[in-house]
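What follows is chain A paired twice: with chain B in the first complex and chain C in the second.
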Partner chain A sequence: MVLDLLANGLIYSSIIVLGSIGLSLVYSIAGFANFAHGDTMTVGAYSALVTFGAVGGLGGAILGLPFGFFVALAVGIAMAAVVAVVTEKVVYEGLDVGSIGLLITSIGIAFVYRAVIQMGFSSDFTRYDIQALRPIEALLPYGIRVTEHDVAIFVSAVVLVTGLHVLLQYTDLGRKMRAMADNPDLARVSGIRTDRVKLWTWVIGAGLAGAGGVFLGLYGRLAPRMGFDLLLVIFAAVILGGIGSVYGAMLGGVLIGMINQLTPLLSGVGALLPIVPDGWGIGLEYANALAFLIMVVVLLFRPNGIAGDGEGT
Partner chain B sequence: MSRDTIRELDRRTLLTLAGTAGIAGIAGCSTTDSDGGDGGDGGDGGGSDGGDGGDGGSSPYTIGMIDSLTGSLSAFGERNQRGKDLALAAVNEVGLDGRELAITVEDSESENQGGVSAAQKLVNQDRVPFVIGAVGSGVSLAIYESVISGTDVVQLSQNSTGLGLTDFPGLLRMSPTGRTQATALANIIADDGYDEVALTYVNNNYGSSLADAFKNAWDGDLAYDNPHDQDQQSYSGLVSEMNGSGADAWLFITYQAEYATMVNEMFSNGYEPQLYGADSVSGDNVLENTPEGSMDGMKIVVPSAPVEEQNYQDFASQFESEYDEAPTAWSAYAYDCVVTAALSILAADEFTGAALSEVVRDVTRPEGEQVTSFEAGAEILVDGGSASDVDYQGVSGPIDLDENGDPVGFLQITEVQNHSYEGIGFIEG
Partner chain C sequence: MSLVSDPKGYWADLTRPEQGVLAFVLGFALLLLLGLLTGGIGPSYFLFLVGLAGMYSLLSFGLNVQWGYSGLINFSVAAFFGIGAYGTALASASSSPLAGGIPPVVGLFVALVLAGVLALLIGIPTLRLRADYLAIASIGLAEVVRIIILNEGWLTNGSAGVRGIPGFFEGWPVLETFPETMPGVIITALPGPTIVLGTNFWQALLNVALVLTLVGICYLVLRRVHRSPWGRVLRTIRSDEDAARALGKNTYSYKMQAFVLGSLIMALAGVFYAHLNLYVGPGDLNPITTFYVWVAVILGGSGSNRGALFGGFVIVAIQQGTRFLNEFGWIPVDVAPLRLLLIGVIIVLLMRFRPQGVLPPQRELIWRGVVDDAPSQPERGVRGSKAGESDD
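Let's look at the complex of A and B:
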């Protein structure tokens, strides 16, 4: 039971992490909390749905996923990035309203994304046309019930996150991004073309969100509200990890995802605690509330999040 | 777009002014009223949106309808509109004593607030005496409590099955209460030989009230009894807890999207319990988005139309030729709402809420002659019959609205066979 929940937690965390990195990146460089981030994930998921419908399986398959799905994944990532960059160019860049104004604007943008998707695909839910799988036999003796798709989600997330780590630590663009996140003015006077770096940030952040969206659709279902419904949890992850910090967002994402999926362990908590009656437990319906509670407790002791630096943001 | 709205507003203001002038005219016994002959419904002249407030006798009777045209229940809204359109055509083919029936449709957006503003518009601005609405039980109740209650306007909900509506006799409905459904589920599970069941329900008024009704009717053990939140991306924790409970029969009271996700998670976890469900877990979208064979043997209780009756078959074939798909019970309820409203208008002494509410129950329930169409009912009423001379047998069932405003329930048990729903029996509640 515990191993199974941990495995589920890892998979759910993978998706949260993909979403939270982008949110944190954009916050650190564009300077506002982007409420359209969840719907950017939805854009990625639906782009993949359309692409997968068009290209089909393309023959072979890896981990139960046809090759065509990986093409769809790439298109989903690209579309999410394109949509985000166009939005940045058309809307955010021209707005001179401060971070609160941008935040409210981004809520509006979120509604626009969702409305467009709803017009094209109706408000009903759907799934990718991929054969659902049974749990992997080899893991059943350990009580772990995951499918190859779940493994694919986890592996892809690890690959993407590692790629981002390499990019940030070892490339020129990564160094510039880190410089800009630390101090945009200083970065600009040092000769860094901050506009270009900002654009790349949007591409990377939204691209990761797009990937997260594609996997979210594979994991659960596609619906126009899918990304928005997950956004609060992603915010919790980002803030828990320390907003603005990419590595904090990863850590926060794993923690929040784990807490969310491990809640069933608490259903019998009454039997373990002395004062509380035996039949009492924390039901699944409180999974998100619990995640937020833990976030608040952590913030009481570390006001800038787990990986946040000393300065206030 | 905005320009149109302004123009429409202007027109409306103008109409209201014209209507007010009309009422003033009637009140003053002006001679311009010569062709009216129905001074009693001056309110109608003022509120009618038809654009011809002037010529009393031939202007349509306007009633209102609040529907989920958008929002989470929009699938029901679409079915309702189709049923309503067919009924309206059938009514106007015969006519209401020389006049037509018009229905002003407003969108509730499937939300309480949207429903209440729609009702306010219909009742306070358009001054309709009869409102059909709404779909969601919460929305219907919100409309009743904040707009209808205290006025004499008749409210007839087309699709609400929430148990709480029974406590409001003034709030009528066409769809049967969930209580019959919950009792039926408890009996079916017991008859199948299970003495313990794992139950999960959606964490809202609909889910918890139906779950409570089930628990009252269920004599066996409840191995698992927990709500779940709507709109979650993952229910894997839920299905593994249900599996952990050890029960072989699992009962789901939730919505299609949530249920489809759960079925996929049961499939990918390798769980194969005997499944049972309330009507809201069934739908083509569930079949399309779950693996072939993943739900076989599942039993669901759905409010049903009397599919063996002639009037339902006529309705179904007309519906199919019009919309190219089979109707659901939800379309039939909307159809019967419109016909019931039309019969009430014919039976009532005048076109006011007070007069309509006196007859609306009587035209649907026994003692009168059983009629299966608006045409047959209208014949009796036009010949001088009163409301109690008519007992309308709807395309959705016998109706027979009781003092609480609830109809007689007519339920069908369906079983999933080869990944499609097959009817295996009927229950009359």
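Let's look at the complex of A and C:
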């Protein structure tokens, strides 16, 4: 039971991490809390749906996923990045309203994305045209029920996150991004073309979000609201890790994803606590609420997150 | 400079945006009137719309106290609206899993107390936070409230919601039976089809009277409060909290007062909604309600009560107006997302071209007497007397 929950937590965490990195990157470099980030994930998911419908399976398969799906994944990432860059160019760049104004604008952008998707695909649920798999036989004796698709989600997320790590630490662009996250003005006077770095930030952040959206669709199902519903959970992860810190966001993403999936363990909590009745417990329906409460507690006591230096701002 | 004695002067005295808004409002009212006369809009439905608009205006007033006066980014409007609606519904509805059957006036106070407690619960931890953190924390806590209401069926009936809510005036001496005792009026003189004003109409009229009273009281109170020393401190906090603190003001306490006051007004809107709609469900607490109210406040002009009033009516026009589009078969797309698109586009356009809103607070903040009594130029010109001119 616990092993199964841990395994599922790991897979759910992969999706949250992909979303939270982008949100954190954009926060630290573009300077505002982007409420359209969840809907950027939705854009990725639906782009992949359309692409996969068009190209089909393309023969062979890895981990139960046809090659065509990986093409669709790439298109989903690309579309999310393109949409984000176009939004930055058309909307955000021309605004002079401070970080709060940008935050409010991003809510409007989120509605526009969602409305367009809803017009094209209706508000109903849909799925990728891929055969659902049975859990992997070899793991069943341990009580772990994960499919090859879940493994694929996890492996892909690890590959993407490792790629981002290499990019941030060992490439020129990564160093510029870190410099800009640290101090944009200093980066600018040092000769870094900050607007170009900002665009790359949008590409990377939205691209990862797009990938997260595609996997979210594969993990559950697709709906126009899927991204917006996940957004607050991603915010909780980013804040837990320390807003603006990429590695903090990864850590926060893993923790929130785990806590979210491990919530059923609390269903017997009534028996342990003195006053409350025995039958009382916190079920899966409160998983998100728990994440939000953790977020508020972290904001209160460690506003810079568990990975930050602990000083309030 | 009153409207009746000197309409031309009144018009010339307005600023450009005020003229635009006035023209728009008059035009829109004319359109509605036309719809009423030709039978396109039923009179009861029309009154229902006015009631909804009044409700959104109340919500906007509440948010205006928080965001417009004091700069608090509160994204938990839906939670306070919902707690107000659920408070009175659980007290008075026949299907309430708790008490039920209590007069709605008592329900009103139950709702206000609940909202006050919730405001303290949300405010105490979050009001110390930085602006953008407050936004995220408050929407998170609002979701917690919604999830609790959705899942604790023993308390709230869960996803089924609460039905059987009586009208607000149940238990009042005359007003309770007012809709039944009023005669059905039949109007045939107008060019449109025959209009029958029955019980529904009088019931709706009563609701509209209620909401207009609430809106009127809130407007007057808030206008007074906004110009008072208290309101001035709030405005200082909004523009520079450190400055307010340096002047010796306990900004946390002031922000808390503004937060609670705003939340109570939102709960008032919720109470009215419960007795207008006669049903509340967890769906009423969806975050979209919060964003509707935000659009109303930003559109009207943050910090302006007139603006909030205007914004509330525009929101209902968008919400219900898009519903009419359903009747045109030639529109190829579903209309529900169109509403969302419209809201999104309005937010973006506003922030791009007019972030201060359509009716930003300007002369609202000045006591009328100060403007009228102040001379437009000094009585004795300095330069004139130096040059040896005499003014008599």
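The rule is short, and it goes like this: the second predicted complex is superposed on the first by the 298 of 313 C-alpha atoms of A that agree within 3 Å, B and C clash if a C-alpha of one lies under 4 Å from a C-alpha of the other, contacts with A are read in each partner's own complex, and residues count from 1 in each chain.
In the analysis below, a residue touches a chain if its C-beta (ideal position, glycine included) is under 8 Å from a C-beta of that chain, and two chains touch if they have at least 3 such contacts.
Note that the structure is predicted; figures quoted are calculated from it, not measured.
Once both complexes are superposed on chain A, the partners chain B and chain C clash.
Using the contact criterion defined above for the overlaid structures, shared-chain residue A:123 touches chain B and also reaches chain C. In the superposition on chain A, A:235 contacts chain C only, with no contact to chain B. In the overlay built on the shared chain, the residue A:261 is in contact with chain B alone; chain C does not reach it. In the superposed model, A:100 makes contact with chain C only, not with chain B. Of the two partner chains placed around the shared chain by superposition, chain B is the only one that A:1 touches, whereas chain C remains out of contact.
Contact with both chain B and chain C is seen for A:285 once the two complexes are overlaid on the shared chain.
With both structures placed on the common chain, the touch criterion links A:115 to chain C but leaves chain B unconnected.
When the two structures are aligned on the shared chain, A:194 is found in touch with neither chain B nor chain C.
When the two complexes are laid over each other on chain A, chain A has residues 123, 283, 285, 288 in contact with both chain B and chain C.
By the touch rule above, chain A contacts chain C in their complex via residues 32-33, 91, 94-95, 97, 99-101, 103-105, 107-112, 114-116, 118-119, 122-123, 224, 232, 235-236, 239, 243, 283, 285-286, 288-289, 292-293, 295-296, 299-300, 303, 313.
Those residues of chain B whose C-beta lies close enough to touch chain A in the complex are 70-72, 74-75, 203, 226-229, 231-234, 236-238, 240-241, 244, 256-257, 260-261, 264, 267-270, 285, 288-291, 294. Against chain A, the residues of chain C that register as touching in their complex are 73, 125-126, 128-133, 135-137, 139-141, 143-144, 147-148, 150-151, 291, 294, 298, 333-334, 336-338, 340-341, 343-348, 351-352, 355. Of all residues in chain A, those touching chain B in their complex are 1, 4-5, 8, 12, 15, 123-127, 131-135, 140, 145-147, 149-150, 216, 219-221, 223, 225-226, 229-230, 261, 263-264, 267, 283-285, 287-288.
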